[in-house]
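Next up: the structures, one after another.
One chain, subunit A, appears in both complexes that follow, with subunit B as partner in the first and subunit C in the second.
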Partner chain A sequence: MTGVLDLNGLTVRLPGPDRPVLDDVSLSIAEGEALGLVGESGSGKSMTVRAIVRLLPAGAQVEGVVRVGGVEVGSLRGAALRELRAVVPVVFQDPRAHINPVRTIGDFLTEGLRTHRRLSRRSAEDRAVRLLDEVGVADGQRRLRQYPHELSGGLLQRVMIAAALLAEPRLLLADEPTTALDVTTQAEVMAAVDELRRERGLAMLFITHDLELAAAVCDRTAVMYAGRVMEVRASASLHEHPLHPYTAALAAARPSLERRADRLATIPGRPLSAFEAPDGCAFADRCAHIRERCREERPALRPLGDGQVACVRAEGLQVVFRD
Partner chain B sequence: MTTTLATYRTPRLGPLGTAAATVIVAAVVLAAIGPALTSADPNASDFAHAYGAPEPGHALGYDGQGRDLLARLLTGARTSLLGPLWVVALSMAVGTVVAIAAAWLGGWLDSVVSAVLEVMFAFPGVLLAMLVAAVFGPGLTSAVLALAVAYVPYIARLVRSAALAERRKPYVQALEVQGAGAVAICVRHLVPNLMPLITAQATLFFGYAMVDLAIVSFFGLGVQPPDADWGVMVASGQSGVLQGYPAESLLAGGSIVLLVVAFNVLGERLSDGRRAPRPGWFPRRGGVS
Partner chain C sequence: MAAYLARRAIMLAATLVVSSFVVFAGLSVAPGNPLATLAGGRSLPPDSVRVLVERYHLDEPFLVQYAMWLGNAVRGDLGVSIVLRQDVSDLIASRAGTTIALVLYAALIVLVAGVAFGLLAALRPGIVDSLVVISTAVVVAIPPFVAAIVLIGVFAVGLRWLPALGNGSGLWDGIRHLTLPAFALAASATASVARVTRTSVREQLDREHVQTAISRGIPYAAVVRRHALRNSAVPISTLAGMTVASMIALAAVVERAFGLNGLGAYLVSAVLSKDFAVVQGISLVLVASFVLVNTLVDVGAAALDPRIKLGRRS
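Entry: the complex of A and B
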């Protein structure tokens, strides 16, 4: 199966004494599909994106295979790597930090078109204005003359999204694109992304720590914990009927509008980084349903129901979580 | 973020900085149009007027060889300003390219560049200039080239550290992810964003280069007589000082001091506290680098 993006056994180790940050991550995204990637801080979500576009810290060791549109990324060098990056845009969390503060929005949006595509300034600007309009930024001509500090966070993130779409990508990597925005802006920006994505049949890897948001905009959701994928399935069913104890615990820990609660449920312990993870299941120490087997062998990600799960007790627990 | 923007704020000159800028602009204008202000030939000597007092048409009087002082001061301003300009332009260009390449590529290239820079720090610029003059013969060109080489490590070290910090900023990584090439990112984003720092440093170094070039010329290894230059004039006025005619040395020396102070003040204002140690002659304050 060759999708827009295939990760197979991706393991990333940072320099230092055996510090994996990603541990055997396998995911794939089909043409036009949106995959949500959720997890706590430090679970390896952003590292996954960085590994895809090969923006890892110096000295990082990568094992496993990353394919974008069937092309293996790991072996690309120089111009070929730049070519790949140009068509796999990344939208980052903090737009303000990811744009050169001393260049205008126009410079930012047209630079790629003018250097990679050799468009004239005129036609590059025309395209930029059209795209700005599509992502909901009115008065594009004026915006092109403005500097990043003159735009609000929401507007700037829309500009970043427009910049991402300029390359007419097949795949968009979004690394918590709305986390730095306030809630109303968040909703607007997400709506814009969702609409544009559907119009263009664009595949997306959407990173967030917001389960609901992932469920709302993504076809499937993958849950990561300590650098490993715990569960992947259709967003709706993951939300309603989680199979992995971690996903279930996450879902239970969310506040709900329908239900009154004095205290929110929490997961005991603290989130682990990948390099602290025990030999068996990474979640073993915090899991309410632990068995001896969980500490001894590492559960593989295996198909179950409409998705995949990495828990040896998933079938048995299904009934427990339904209640 | 505010921290990001603060780095790029326009420096305020303040009254002192404005005065310094005015002095510099005035000096440049005078050097440009100067020789037109006086009809006297700066190189025509008339021994009848040796050490002659000021008189109409010769506002500052004469030097020991009966040459018009005003004409020599104005003509000397050209070499005295153009020399440092070349020193600064050459060292900034080379230093910036070397520093950016080292900071961007890192690894062994960075180590080699840093090591070479450390070795170069050991050579005082003026000594190097004198050595070059001894080997290739005295002259403004060899002095300028030698000083330019000696100044490279100072600008390169500063720019390298600033470029390293800039390279780690998310916007640079974002550009990489967009598929921009290394050269494009450096030329279009890194260097322009470092320009405020480089400009401020160049202004400071202009003053230092002026002193260093004057020193070299004073020792007779830079600008060669009869060409007018402030360093040369300080030297040739020495005998006059002993005979009670200090005008030539004082005027030339005063011009140097005035401009160097002006460049220093302006450079400090522009650099906003970020400055490299002074290149040059004696070991710098603060010990070994």
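Entry: the complex of A and C
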């Protein structure tokens, strides 16, 4: 099967610690599909995005295969790599830091078009204004002359999204695009992304630490822990009937508006980085359902029900989580 | 932008008034009476004394003297040299060209060589970077008069590539005569600009916005030029501007060393011959150009970084 994005056994080692930061990650995204990638800080979500567009820190070692539209990314060099990057835009978390502060919004929006499509400034700006309008930024002509510090965070993130869509991509990588925004702006920006994505039939890898947000905008959700994929399933069923103890614990940790709770549910212990993970299941030390063999062998990601899960006790535990 | 420029113009005018006052007050602060200072210790015939008293309004109160002197100076009348009996303005004008050419030449070297070596070091970590870092650390500590001696020794006396003394005649010969002085003047400043360029470009290359540009498939050379170097322009131009402004004063040493007939060398000889009107006139011109260059640098920084104008109310 060749999707828009295929990751197969992606393993990334950074110089220093012996353990990889991404450990055997396999994911795929079909044409027009949105996949949510959920996990705690340090679980390797952003590293996955960086590995796809080859923005890893110097000295990083990559194993496994990354294919975008059937093209293997690892073998690309020079101009071919730049061409690929041009059509796989990344929407970053903090637009204030990720947009050059001393150049105008117009420069930022048209840079890609003028570099890769060799469009004139005028026609690139016309396109930019039209797209700004679509992402909900009015008065585009004036915005093009403004500088990033003159725009609010929400507007700036819309500008970043417009810049991404200007490349007419088939795959969008969104690395926590709303985390740096305040809650009401978050909802608006997310709604705009969701709508534009569906209109265009755009595939998306959406990174977030918000399980419910992922469920709301993504067809499928993958849960990562310590650089490994724990569970991948259709968003709705993952959220309501988690298979992996970690997913279940994450879902339980979210306070509900309907029920009154004296104490918020938490997961005991602290999140592990991939390089600290033990030999067996990475979640073993914090899991309430641990058995001896969880420590001995590393559970592989295997098909179960409508998705995949990396837990040896998944079948047995389903009954427990239903309660 | 217009409000910012107006504010800077007012600040510039205020600075010029204060500095002109200090230059003028030197006349009264100097030991002995102003007449003796103006005469430079020479005994003058009564006629000349009368001319001087009249010219400097020495029988009037101090502030009136200053106002009269400033009024004349603004109109370009800086008095008469007591040694040469010529207008100070003419004496300055005939020598200013050499100093301006020397400082501009040195400024060009500072910017081109400084930025080039800084970029080279920033983009080539390892042996090239270490070489630039070590050699700039050495050169930055060499004052212009030492640089002048070394350059004369190596390139004029040893290799005989370039002349060591005099102004030369004609454009090409003039440039040849200015080359060693300009390098002597620029050496230390070039090294510090190179170091700042290196640090600033390195820092910018690690910034998130550069990551964005790379992630969009912009060629690396364009990323460096449009994002890293462009964003380093403010620290680089601020430092370069400050060092160029200080060269206006340092030029005196270099002009002396290379026997150039410029303002700085003239200032030194005027001090030695106690030609007070000339000292005052040159000081005024040097201070004014120093202040002017610094203002230009500030305005340039505001043009290069749109966020600087935000500092208005802070």
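Everything below uses one rule, namely that the second predicted complex is superposed on the first by the 321 of 323 C-alpha atoms of A that agree within 3 Å, B and C clash if a C-alpha of one lies under 4 Å from a C-alpha of the other, contacts with A are read in each partner's own complex, and residues count from 1 in each chain.
FYI, a residue touches a chain if its C-beta (ideal position, glycine included) is under 8 Å from a C-beta of that chain, and two chains touch if they have at least 3 such contacts.
Since this is a predicted model, take the numbers as computed values, not measurements.
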Overlaying on subunit A: subunit B and subunit C, fit or clash? clash
Using the superposition on chain A described above, determine whether A:L76 touches subunit B (first), subunit C (second), both, or neither. neither
So, does A:G112 touch the first partner subunit B, the second partner subunit C, both, or neither? both
Which holds for A:L304: it touches subunit B only (first), subunit C only (second), both, or neither? neither
A:A187 contacts which: subunit B (first), subunit C (second), both, neither? neither
A:I290 contacts which: subunit B (first), subunit C (second), both, neither? neither
So, does A:V62 touch the first partner subunit B, the second partner subunit C, both, or neither? neither
Subunit A residues touched by both subunit B and subunit C? 53, 55, 82-86, 89-90, 92, 94, 97-103, 111-112, 115-116, 149, 163, 167
Quick one: which bits of subunit B touch subunit A in the complex? Just the residue numbers, please. 1, 4-5, 8, 106, 169-171, 173-181, 184, 188-189, 192-193
Could you please specify the touching residues of subunit A with respect to subunit B in the complex? 53, 55, 58, 79, 82-87, 89-90, 92, 94, 96-103, 111-112, 115-116, 149, 163, 167
Contacting residues of subunit A [partner subunit C, same complex]: 53, 55, 81-86, 89-90, 92, 94, 97-103, 111-112, 115-116, 147, 149, 163, 167
Subunit C residues touching subunit A in their complex are 207-209, 211-219, 222, 226-227, 230-231, 234, 304-307, 310
